[in-house]
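What follows is a set of structures for review.
First chain A sits with chain B, and in the next complex the same chain sits with chain C.
Entry: the complex of A and B
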C-alpha cells in the first residue's frame, strides 16, 4: 500500500514536470525546424530560422532596445530602491510605515493598469510615446521590488559595522560607498537581476507606451500576426535563454548571501 | 534598530525622497489622471458617470466581467489542486540536497515572457499542432480537435503559469512547517490522512491563500494569454480595456474599466487580508 502511494506520487510529479516543460520543449524543438511550419513532423535540426532572426534588423534593434531599457531601468530601480531602503532602515522618519507602504503599493496593481495610467498622464502632458516612457514604467514596477528585497536584508550586524566606520571618523558618503554598498552587494545584485528579468519580459507597458522603436516582446507580438512561424520559435527561444541566464544570476547572488 | 544620524534630518530625507517622488509622480499621479479621465466623455463635455454605468447597461461589457471572474476562478482552483500535491512531493519525497534543483527546474518556464509562453501553447494546441497530430497519428481521433482559440486554451495557458507560482508559495510553506507538529499528531494516534487534514492542511492554508490571491490578481489583469489563446471569442476585461485604446482611442472608457478592474482586485484583497496579514507577521 505504502509503495503504491509512493509510486503514484512520483508518477504524478513526473506528469506535472511534463506539463510544465511541454510548451518549452515544443518551442525550442521547432525553432530548429528545417521547413516553414513549426508543426510535426520535425524536419530539422537546422539553424536557418536563427539566421533569419539575426538578419532581421527590426528584431535585432528591438533586442538592443530591450537590453538597453532593461539595464537602465534596473539601474534606476536598484539605486532608488537601495537609497530609500537605507534611509528607512537606518533613520527614524515620521510616517515611516505609511511611506514604506506607498513605495511598495505598485506591487499590488496589475501592469495593465500601471501602463494605462501612464498612457493617460503622458497623453495629457504631451509626452510622446518612446522607449524612455516605457523605461519609466519599468522603474515603477521594479522599484518596489528592489526596495522590498534590499530593505528586508538590512540587518543589525551591518549597523554595527557602519557605526564603527562613523566612530573612526568616516563621513556619511564614505560609510555608504565603502561599507553599506559592499555589505549589501548580494541583495543589490539580486534586486538588479530580478528587475532585469521582469523588464526584459515585460509586454503590456511597452506595448502601450512605445510606438516606432520598441522592445522585443512587442516585436514578437507583431510577428504573431503571421501565425505559426519557426522564426517566432527561434526568437522566442532566444528570449527564454536570456531570461534563464538572468534568473541563474539571481539565484547565485541569493546563494552568495547564505554564508554571511 | 534605527538611530538618528549626527548630521540632522537632511540626510535621511535626501535618501528616501527620490523613491517617494518617483512613486508619486509616475504611480499616484497617473492614477489620479486616470480617475479624472474616467469621469469625462470621449466626445468631450463635462463630468459624467456614463463610462461606469456602461458596464451594467451594455450586456457585452457585463459578459466580459463575468468571463474574467469565471476564468480566474477556474484557473485559481485548478492551479491549487495541481500545485499542492506537486509541492508536497518536492518538499517531502525529494532528497534534501536535490530539492533546490528540483524546485528551480519546476519553475524554469515561469521566467519566459507571457507572449512567448502563450505562443508556445498555441504551437501545442493548434489545429495541426503537437497534440492533434499525435492523437490523429495514433488513430485516437479522426478529426483534429478545436483546442486553440477556446476558453480551454486560455485556462491551460494560465494554469501552466500559476501551477509554477503556487508550487513556489506552497513549497515554502510546507518547508517552514516544523516536523514536531506531525510527530505530535502521530503520538496522539492520528493516521497520515487525519494528520494531513487536521494539521498540515490548516497550517499551510496561509501559503495557499497568498498564492491564490497572487493568482487572482495576475490572472484577472492579464491581457496577453486570453488574447493569444482565445482570440476574440470570449472577451475578458483586459481585452476590453485594450480594445477601447486600440480601436477607438477612448481613454476615458478604458480608464473607467481599469478602475473597475482594480476595485475588483481590492475586494479580493480585503477578502484575503486576514491570511495575507498572517503571512507578513
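Entry: the complex of A and C
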C-alpha cells in the first residue's frame, strides 16, 4: 500500500514538472530543428535558425532595445523603490500603513489595465508612443516590487548603524550612499535583477506603448503573425535563456546573503 | 571655579504623553568618568540620547563647552556614542570603521590610517586593522566601537550600556580597561548602566536615577556610605530598611520610634516625620549583641555562601514584615531556622526621609 502511494506521489511530481517544463523543452528542442517547420519529427540539431535570428536586424535591434529598457527601467525602479522604502522605514509618516499599501497596489493590477491607463494618460499629456513610454510603464510595475523587497529587508538593527555614521559627522546623503546602500546591497541587487526579469519579457505594456522601435517580445509577436517557424523558437529560447540567467542572479543575491 | 564641560539645565522630556525625564539638571566636569545608574525606565538612556543629540528635549537646555547644543544634530556636536549593539559598519574593515569619523572631517587617507592604527593600539587591537567586524568576537567589536568613537577626539564620549552584551568575566575585564583608557585619553566619559557594581568600580561621579529624576549624585563612596534617598540606599548596594517615626531631637541626636523599640542616632528631624533607617549588610551584627543599637531578634530564612562571606536573610521576630540582609563572615556558623540577636552601631545607620 505504501509503495503504491510512493509511486503515485512520484507520478504526480513528474506530471506537475512535465506540465510546467514540457512547453519550454519543446520550444528549445525545435529551435534546433534543421527543416522549416517546428513540428515532429525532430530533424536537428542545427543552429541555422539561431544564425537567422542573429542576422535579422529587426530582431537584433529589438533585442538591444529590450536590454536598454530593462536596464534603465530597473535602475529607475530600484532607485525609487529604495528611497521610498528608506523613507517609510526611517521616518514616522502620517497614514504610513495606508501609503505603503498604495505604493504596492500596482502589483495587484493587471498589466493590461496599467498599459491602457498609461496609454490614455500619455495621449492626453502628448507623450508619443516610444521606448521611453514603455520604460515608464515598466517602472510603474517594478517600483512596487523593488519597494516591497527592500522594505522587507530594512530592519531596526540598521538604524543604529546609520545613527553611528551621523554621530561621526556624516551628512545625510553620505549616510545613504556610504552606509545604507552598501548594507542593503543584497536586497537592492535582488530588486534590480527581478525587475530586469519582468521587464525583459513584458509584452502587453510594451505592445500598447511602443510604435516603430519596439522591444523583443513585441517583435516576436510580429513574427508569430506570419505563422510558426523554428526562428520563433530560436528567439524564444534566447529570451528564455536570458531570463534564466537573471533569475539565477536574483536568487544568488538573495540567498547567498551573508548574515549581518 | 571653571565652567563645567557639560551643563544640563532643567531638562524634561516626554514621549507622547509619557514623561520620561522630569526637570533634570546635571554638570559634567572635564576628564571625569560619570555613570548614570538606574533601573530600566528610569530615563538614563533618554538623558544620554539627549546628550548625544539623538533626542531633543521637550524642555530645558544642554550646554557643551559653554555652547548651547540643545538642538544641534549629532553630526555637529562634540560628542560621540558607543552604542549598545556597537553599530559597526559591517561592509567596512575595522580600519575603515575607525577611520570613518576622520574621513567625514576630510582627513587624508594616510593620516587617517595612521590615526586609526593608533586608536586601535590604544584599545589593544592593533592587529585587527584589516579584518571585517564579523570576524571579531563581541569584546573585540566593543573595542573597535570605542576606538572609532575616540579617534575623532570628542569632548564627551557617551557609552550606552557598553558592557551589557558581554559575559560576566569579560565584563569585569573590559570594565578595568575602560577605566584605564579613560585615564589615558583624559576624555570625559558618560556611561549608562543598571549594574551597580560597574558603577562603583568605574565612576568618579555616580548619578543614581529613578523615574525620570536624579535621586542622588556624588562620588560612589559617598553615594554608598551616605545615600540621600531610600531608593538610592536600596539600588546602589543592598540595605535593610527599618521604618519609623521621628521623636524628639536633642544635642544632634534624634530618637526614632520603630517596631523594634526606640533607636537613638545622630541626626535631626521634625517630630512625627516618617523616616526610614537604612543599614548596609556589612554593618549588621548577628549573634550576641555587640553593636550599641539592639535590633531585636530574627529568624534566619536563607544563607547563601558567596566565597568570601555568607549572605544571610533573616525575618525580624518583633516585626515579621522586616527582612534583615546581613553579611556574615565565611566562617560563621549560621543556618536557616536559627534565631539570632541582631544589632548594629548607631553611626552606621543612615537616616532617610520616607
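Here is the rule we go by: the second predicted complex is superposed on the first by the 257 of 260 C-alpha atoms of A that agree within 3 Å, B and C clash if a C-alpha of one lies under 4 Å from a C-alpha of the other, contacts with A are read in each partner's own complex, and residues count from 1 in each chain.
Methods note: a residue touches a chain if its C-beta (ideal position, glycine included) is under 8 Å from a C-beta of that chain, and two chains touch if they have at least 3 such contacts.
As the structure is a prediction and not an experimental result, all values here were calculated from the model.
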Using the superposition on chain A, decide if chain B and chain C clash or fit.
fit
With the two structures laid over each other on chain A, which partner does A:44 touch: chain B (first), chain C (second), both, or neither?
neither
Which partner chains sit in contact with A:90 here, chain B, chain C, both or neither? Use first/second/both/neither.
first
Chain B or chain C, by number of chain A residues touched
B
In the superposed arrangement the C-alpha centres of chain B and chain C open, at the centre of chain A, an angle in degrees to the nearest 10 of 100
After the superposition, what is the least C-alpha distance between chain B and chain C in whole angstrom?
5
Touching chain B in one complex and chain C in the other: list those residues of chain A.
166
Which residues of chain A touch chain B in the complex?
6, 9-10, 12-13, 16-17, 19-24, 26-27, 30, 37-41, 80-81, 83-84, 86-93, 99, 102-103, 105-106, 108-114, 116-121, 123-124, 136-137, 139-140, 143-144, 147, 156, 159, 166, 172, 197, 200-204, 208, 217, 220-221, 224, 228, 232-233, 236, 239-240, 243-244, 246-247, 251
Residue numbers on chain C that touch chain A, as the complex places them
52-54, 73-76, 79-81, 83, 85, 87-91, 100-101, 104-105, 134, 148-149, 152
Give the list of chain B residues in touch with chain A in this complex.
1-7, 11-16, 18-20, 22-24, 26-31, 33-34, 37, 82, 85-86, 88-90, 93, 104-106, 108-109, 111-117, 119-124, 126, 128-130, 133-134, 137, 160, 163-164, 217-218, 220-224, 228, 238, 241-242, 245, 251, 254-255, 258, 261-262, 265, 269
In the complex, go through chain A and note every residue touching chain C.
157, 160-161, 163-171, 174, 179, 182-183, 185, 258, 260
